[in-house]
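Have a look at the structure that comes next, please.
Per-chain numbering from 1; labels A, B, C, D, E and F assigned in written order.
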Amino acid sequence: MGFTEAAPGSVMIEMGGTMVLCTATVEEKTPPWMVGKGGWVTAEYAMLPGSSSPRIRRDHYQKGRAKEISRLIGRSLRAVVNLKAMGDCSIRVDCDVIQADGGTRTAAITGGWLAMIEALAWAASRGIANAEAGFDQVAAISVGMVEGEVLLDLDYRDDHAADVDLNVVMAGRGLLVEVQGTAEGALFDRADLDRMLDLAEKGISELFSVQRQALGQ
Amino acid sequence: MGFTEAAPGSVMIEMGGTMVLCTATVEEKTPPWMVGKGGWVTAEYAMLPGSSSPRIRRDHYQKGRAKEISRLIGRSLRAVVNLKAMGDCSIRVDCDVIQADGGTRTAAITGGWLAMIEALAWAASRGIANAEAGFDQVAAISVGMVEGEVLLDLDYRDDHAADVDLNVVMAGRGLLVEVQGTAEGALFDRADLDRMLDLAEKGISELFSVQRQALGQ
Amino acid sequence: MGFTEAAPGSVMIEMGGTMVLCTATVEEKTPPWMVGKGGWVTAEYAMLPGSSSPRIRRDHYQKGRAKEISRLIGRSLRAVVNLKAMGDCSIRVDCDVIQADGGTRTAAITGGWLAMIEALAWAASRGIANAEAGFDQVAAISVGMVEGEVLLDLDYRDDHAADVDLNVVMAGRGLLVEVQGTAEGALFDRADLDRMLDLAEKGISELFSVQRQALGQ
Amino acid sequence: MGFTEAAPGSVMIEMGGTMVLCTATVEEKTPPWMVGKGGWVTAEYAMLPGSSSPRIRRDHYQKGRAKEISRLIGRSLRAVVNLKAMGDCSIRVDCDVIQADGGTRTAAITGGWLAMIEALAWAASRGIANAEAGFDQVAAISVGMVEGEVLLDLDYRDDHAADVDLNVVMAGRGLLVEVQGTAEGALFDRADLDRMLDLAEKGISELFSVQRQALGQ
Amino acid sequence: MGFTEAAPGSVMIEMGGTMVLCTATVEEKTPPWMVGKGGWVTAEYAMLPGSSSPRIRRDHYQKGRAKEISRLIGRSLRAVVNLKAMGDCSIRVDCDVIQADGGTRTAAITGGWLAMIEALAWAASRGIANAEAGFDQVAAISVGMVEGEVLLDLDYRDDHAADVDLNVVMAGRGLLVEVQGTAEGALFDRADLDRMLDLAEKGISELFSVQRQALGQ
Amino acid sequence: MGFTEAAPGSVMIEMGGTMVLCTATVEEKTPPWMVGKGGWVTAEYAMLPGSSSPRIRRDHYQKGRAKEISRLIGRSLRAVVNLKAMGDCSIRVDCDVIQADGGTRTAAITGGWLAMIEALAWAASRGIANAEAGFDQVAAISVGMVEGEVLLDLDYRDDHAADVDLNVVMAGRGLLVEVQGTAEGALFDRADLDRMLDLAEKGISELFSVQRQALGQ
């Protein structure tokens, strides 16, 4: 935490080889659809060109995918914030992938939550926002099936070999925020889904502990 | 089926007020990563400006979301095609929403499969593709929870009231292709997820019957 | 008429193999240059990717041509509307080509007028617009010369063989709104132009009858 | 003629207050659809920001209109060139409006023809093209109706007051290349059209004399 | 001066084969950061497609470089204007390269200053601006080293052979506004820099004389 | 050095509050103008949205400036590489500003050189490039004048107060690669320029020591 000082929230999260810098900034205005109704939280996700090998072209090549992930992160963070009670401001969480080795979107959610909480506390200390609006933790993890076996937090190598890829976003009370499962190589049945969800739940409860430690709780 | 004649596959699918025109065209080339390895199936999704009220701005306003849905449709169709056995050609399925009343992406998958099968048969009759490569059916449906109740195929009104929105894509043998569940207003637990998946499975088996009828089977 | 229900005006016009879906929507505001001076009518024209063979690339490939046609449709519709008397609102007519077999721009004008009149009536019933502002009919047709012979409403095959291509837009009282004649293969003289205009006038008077029937007049 | 030296054809045409710089350049390749079949002629039209008052925004604001005019110029020039006999090269005519006072598109055609002929002669002298391929002159003029009166070559003031605006492109043998008539304020009848075409024909025959003088003929 | 009449300031500057048309227009508003604080001066630089051989692609190919030069011209002009005393208006100087033969950016600054002064006088005569705000002259020249020799105002041929390229912008009192020196082929030492600056100073004092003559001083 | 592992060269350079991540990647191809003539080095510079306060909009807002800086970095690095001797490959140096507190472009050059050298060694160890091609060090620093006083390496606060801003890029033998001096608030004379260059030279020699230490020399 506090990796940089320019933004009120700044977290460098590392999971395996994956490194994501999450910075959260605060603006004292809200988008048109929330004016007079509360605050807003949004996210932007991008990969640095040198974060992966071969190098990723800046701008061009994966815009649609990056926007899809940006929306996922934004939805996940908003799910644990009481927007109405938050105050008339917006928090924008930028998640820039410094190094990619699988699970960048889930690392961005887990780290982005920490940056958002930092920014919310910063804004509360200035009387702009209500820190209580962040009512729960949120974290995410990827699970996969490789040759019939269920694996947690796939790195890049496993990710490409996986038959099924499941991203799970959970809130602190064991509730589901988002479930995205995709058959990559082989289809999966309901029993597979259950086994993957069980494993994800365990992994996420560990992430919750790490988040609380980072906040000194 | 056969709504237009310019494209080898052409299906107008209506589900409630939702209307999606799915056209499938064939090109005798494959993208760089499949050259010499087989065929390819891809999809593009877009909404006509007058398909919704208020009118949707052409081009601008929802590009990221449209690309996300395009990729979902493409992945779903490829899950039931043996690309290696398909032959050196590409099928492109365009899903243009004529009228939107909830569930446009799932209607696009269900109708897009029919258009793809038509195009595959057309290409097979010209010796370009192998019709057997399409080894299974695929269809999709949305399920939701509104005030604790599980509902099938939400229309636009229900969709906006829903606490949870779950899109399920299934293949003909009861296997899962894609599961995308999102907490919109309230979080959900594993039991809710199970109830929604049960209902989706029933709905999709009906869609499979309708698909087979449309093909005269 | 009434092909869809999401937009107040919705017309599917078919001329030979050509199918154009014209939807008209109403906004209670006017562009900057008309504020306080009356209403406005504008149009957008586009081809669906599967409307032609080979498939048309979405967005990219014919943007300039599509905008040129959009402006032509807009000018043609405004020529028969008394903008000052129309009320402080805008009607936007979207013309999406479902299938292209020649004459898509002229079909869009003829069908677009019906959609505009529907939308105007809808807006008048809500007190937003004055239905009397639409003071005349407008319709359009293409005429061409193929090997010295004058032909009405060229389909795609004739269109490509034509030496001259003339698009004529006429109002209900036999007056000209727009004349666009282009030598494609051979130049033409004044006598040729007269013969083509005579034929266009006959064709358009038939279109006026069809329009009145569609409106139940 | 010869306003600049960087391009093989370079003509500054002035008509009233309107000034258009037409430069023609030659490339020893042809677009895909003409490879092995002959040469090609194309045009690009743009207005300098300071050419009009108020200033015109660079790039943004009138792209569609500029492309429409570019295509008109290109079609008009190609109408008097025997592409098959021209040789395997392309001539590109850039028409940049230095000052706009009405009739910029017609001035661009009239001046663009001179630049094209210069470039063709230049290319012929290098053995790249066949100068005989330019078999005829082409010139253009705008005619309009203001309060019932037919006027030639409207300047900006007249242009905005005009009820009808007619652009006529003619080849040297009195044949029509392009006729574009638009009702701006009032509709027009066939007799009006004839009167405007008569006047245009006179004006264009004068332009042909000026073109021949410029070429020293 | 007065090359065109549409813009209040209009100067065609020729230096060797280089021709740049500089037009200056006035708007009675200022950018957000100057509202209530004074006026603003900005510039845009572009090359006409036919200004160089081979032809330059419109729009695409050198956008970054054109923006860099635009900013340089804007900074240079603002350095000799007292923005606070100028009045609530903006002057925009468009520098369009008609023919390029080396030194286009420096010609644009030297000519752009004349156009700006003309526009300032025009605006002052209408009570919009204060002509005294332009408190000094500004002009620019390029110097280079070719095989160890220092040369003034390199044309295109020299420019490409130069080992060092130095652009110098100076105000009327012998003061420096901008110094941009770049090693193209060989590095340079402080003594080289001094020799180049000496030569530039001489060249610029001649340009100041020409500017004063053009203004009739 | 070695901040990440995905790219062969990876350096996080900190100067005051400024942090720039420089990654260098190698491609075994060269741009069209160098094919068969040697290798190439290029750079891209960008600021992360959260690197500055207020937040910087991704993509939009400073594209021109970022490209200008990218070109400066690329030129500076190429000045100390013997491209002909380098081998048929390209090194691309991405400089992403993690935190901005003045002098980001000069930090990017100093750190980018280290990343380039790492990548060159990596490529040489694989037989792709010749490590000797990097024949000299290059580093850069900014100098400024604030109220008549000459200051080294301005932070953001000083940078905005500076009357003159001078960026100096030097090679290891005390030779100049690039000099960019800009009058921001007050013009400067030749004596000021000399004082600033003296100070820059001292600062850069210290940077050279740090670079050599980082490389273990």
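As a working rule, contacts are C-beta pairs under 8 Å (C-beta built on N, C-alpha and C of every residue); 3 or more make two chains touch, one makes a residue touch a chain.
Being a predicted model, the structure only gives us computed values, none of them experimental.
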*Given the touch definition stated above, what is the smallest step count connecting subunit B to subunit D?*
2
_Chain centre separation (subunit C, subunit D; CA means) in Å_ = 27
*How far is the middle of subunit B from the middle of subunit F, if each middle is the mean of its Cα atoms, in Å?*
49
*At which residue positions does subunit D touch at least two other chains?*
none
*With chains as vertices joined when they touch, what's the shape: line, ring, star, complete or other?*
ring
*Chains in cyclic order, anchored at subunit C, direction fixed by subunit D*: C, D, E, F, A, B
*Residues of subunit E touching subunit F in their complex?*
63-65, 67-68, 70-71, 75, 79, 171, 173-183, 187-190, 192-193, 197
*Over in the complex, which subunit E residues touch subunit D? Could you list them?*
3-7, 10, 17, 19, 21, 23-25, 27, 44, 46, 48-55, 58-59, 92, 94, 96, 98-101
